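Presented below are the structures under discussion, each in the form of structure tokens.
Note that subunit A is present in both complexes that follow, paired respectively with subunit B and with subunit C.
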Partner chain A sequence: MSVLRLFTACLLLMPLAAQAKAPVIEIEIRNHLFQPEEVLIPAHTKVKLVVYNRDKTPEEFESYELNREKVIMGGRKANIFIGPLEPGVYPFFGEFNPKTAQGRVVAQ
Partner chain B sequence: MLINSVILVLREVLEAALLISVLLALSVRLRLSLSWLLWALPATAIAVTLFAGFLDVMTDAFDGAGQELASALLQAAVFLSLAGIVYFCSCRQRQASSPALPLALLMSLAATCALTREVSEVLIYVAGFAASPDHRTAVFAGGAIGAGIGISMGVLLYAGLRALRFLPFLNVCYVLLALIGAGMVMQSTMLLEQVDWMPVGQQLWDSSALVGEQSLTGQLLYAVFGYEATPSVVQGGIYLFCLATIAAAWALPGLSDRTGVLDDAS
Partner chain C sequence: MMPVDNALRLALLIAFLHAVRTPLAGADGSSIDKVYHPYVEQLEWELEWRATHADRDPLSSVKRLQQHRLGLGRAISEYVFVEAYLIGTQSADDSLELEAYEVEVLWQLSEQGEYAVDYGLLFELEKEHGEDIWEASSALLLEKELGRFSVTANLGLTYEGGDDIVNEWETALAMQARYRYSPRFEPALEFYAGEDTLGAGPVIGGREKLGGLQALTWQLGVVLGMDEDTADYTVRALLEYEF
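Let's look at the complex of A and B:
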């Protein structure tokens, strides 16, 4: 039982421990394209991406390199926290329109 | 467009298809009624309608973390159901008269929760393109092919499992359920990291050069083990904890048998 209690306590405390202010970067999806395609962020820093889907159709923000996936309905926005990242290039794409919706996060 | 649809739908269908195959094979071998599947299907239909229908409202809830929390809850529910299934199967393996109802309920719950998120995403995707005459045919055809491949792999797994002798069969099923369950919990930790409900731990390793997550092998490994090319220390720890939990669920009925024997002897 004590393990269960500890687990619950950890679960409850997690958001408090994790939620610190992170710089916000906005991205738009328009005509199945990410704007901007390249997002520069500071390395070793947690960043909040706010992705606005300006299309009518849904899109899924997906990145294998960033370990992120989130469905964004048409006309809606989504918050996605990334990092802290080592310097490098991290591609992302729109899973529903992967041919056109391509972008990358550059951590430097 | 066609290939994209095949891959997207296959990715979603594969994991649920493999899980349901293992549960079906277990039910048949342990002589359980398959009625749990009949309960799971309407329950899934309702859950998918709610999930897909309210996704935009859900996404904005909890300061933008609602979608991830709902998905993580579904995945945690699958894991707990699987741990329960392993426990009750292990009981039934030792005593054929042990109750079958908890197993049926847990199998139903596991199948419903595993299917809800995956089917919702496919539904949102297909519905999004249904209005576009340019893409509609390719999306429908690709989706059907992807679902077909996913279900075929489930059928293959089912046939492979049925070909095993009883004990090895059970052990392989338990191992598969443990891996699928732990993989689901690991995915949910990633979702919680994504909305900043969980701290991002240090990276444990990077095997993306060896097996890319987007490769076919990567996708298969993802469906079975929840494969991540770049897992964090926290995720690795949680994965091992989940495997240990299922191992304990498997061992528990045997331990109580043994204690019983000792009590009798004294």
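Let's look at the complex of A and C:
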């Protein structure tokens, strides 16, 4: 019976349903640069970033402040969900080209 | 998420905690190891060593029991990570020797932050060296971000079988509450419950970037036994080289 209880608990503890649709903001990686570099989002709101990598080489969207790390293969896109965030500036960068690929999310 | 959902989840978690403390059969071994996060980093290779050191195992009376795991892993897709381990043990009376082999697959099921809770699955298959003992495990990995805190739970179900062991089911729970202070230093509290384990304690960890995809991750913690079947203290350590 314990096994049955375990499975029941596992299933019911899983996320019950998707949340309300998050606003979508698109970002491009082109020539190892994020475009735009500054992304404005509403504070206290979950946002879906769709990051298109227009380069042929992979890039990694990384931000400790946003608690996100995601590799985007060349010519592909990735969905990155961030927030809800307190008002402030949250830097991000491309781990494979950290000197050029830099940007920031501004929650306001 | 509605408050009623949170109340439901809390009630179910309490039910699960009761379930993992209810013996299913003659169980064996400490479940103190590490807490898995439900994420995969594409393109990543990983060389990992982790170890536990228990001062005295109350069930076997073995002193200074150590378990070492040496693993090599690779992300084979955006959402799947595979790792193979060699597992060795040593104690006050026995030198280090190979104990088992293990293969594990971590499957990320949701994008980080997409739902109220991030979730994934972990599958493990372990074979004891020189004995007909097999262990097949699965675990549901859950993680919730709460500001600068990340709370993680691993809910595990294991089947042990073979000619050299009594076939049995086991359940386990591992939880971690981590504060993301800085990439190089993150304090955490961990809790472990299983057939022969009930313990909790502090863990510290960090990550040092080495350029490109390379990074070194470390963790060090002490889990204090909370019942008579669990060692008074178990030190656990982890070192990961990502490349």
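The definition used in the following text is that the second predicted complex is superposed on the first by the 90 of 108 C-alpha atoms of A that agree within 3 Å, B and C clash if a C-alpha of one lies under 4 Å from a C-alpha of the other, contacts with A are read in each partner's own complex, and residues count from 1 in each chain.
Criterion: a contact is a pair of C-beta atoms (placed from the backbone, for glycine too) under 8 Å apart; a residue touches a chain by one contact, two chains touch by 3 or more.
Note that this is a predicted model, so its numbers are computed, not measured.
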Checklist entry - Does subunit B (first) or subunit C (second) touch A:42, or do both, or does neither? => result neither
Next on the checklist: Quick check on the superposed pair: does A:95 touch subunit B, subunit C, both, or neither? Answer first, second, both or neither.
Outcome noted: both
Next on the checklist: Which partner chains sit in contact with A:68 here, subunit B, subunit C, both or neither? Use first/second/both/neither.
Outcome noted: both
Checklist entry - For subunit A, which residues lie in the overlap of the subunit B contacts and the subunit C contacts? => result 14-15, 18-19, 46, 58, 60, 64, 67-71, 73, 79-81, 83, 95-96
Checklist outcome for this item: In the complex, subunit A touches subunit C at residues 2-3, 5-10, 12-16, 18-19, 46, 58, 60, 64, 67-71, 73, 79-83, 95-96
Checklist entry - In their complex, what parts of subunit A are in touch with subunit B? => result 14-15, 17-19, 22, 46, 48, 57-58, 60, 64-65, 67-74, 76, 78-81, 83-84, 95-99
Next on the checklist: Taking the touch rule as given, give the residues of subunit B at its contact with subunit A in the complex, in rising order.
Outcome noted: 1, 4, 8, 55-56, 59-60, 63-65, 67-68, 121, 124-125, 128-129, 131-132, 190, 192-200, 208, 212-214, 228-230
Item to check | subunit C - residues contacting subunit A, complex | outcome: 1, 5, 8-9, 12-13, 15-16, 18-20, 22, 24, 39, 41-43, 78, 110-117, 119, 140, 142, 145, 150, 153, 155, 157, 169, 171, 180, 182-183, 212-213
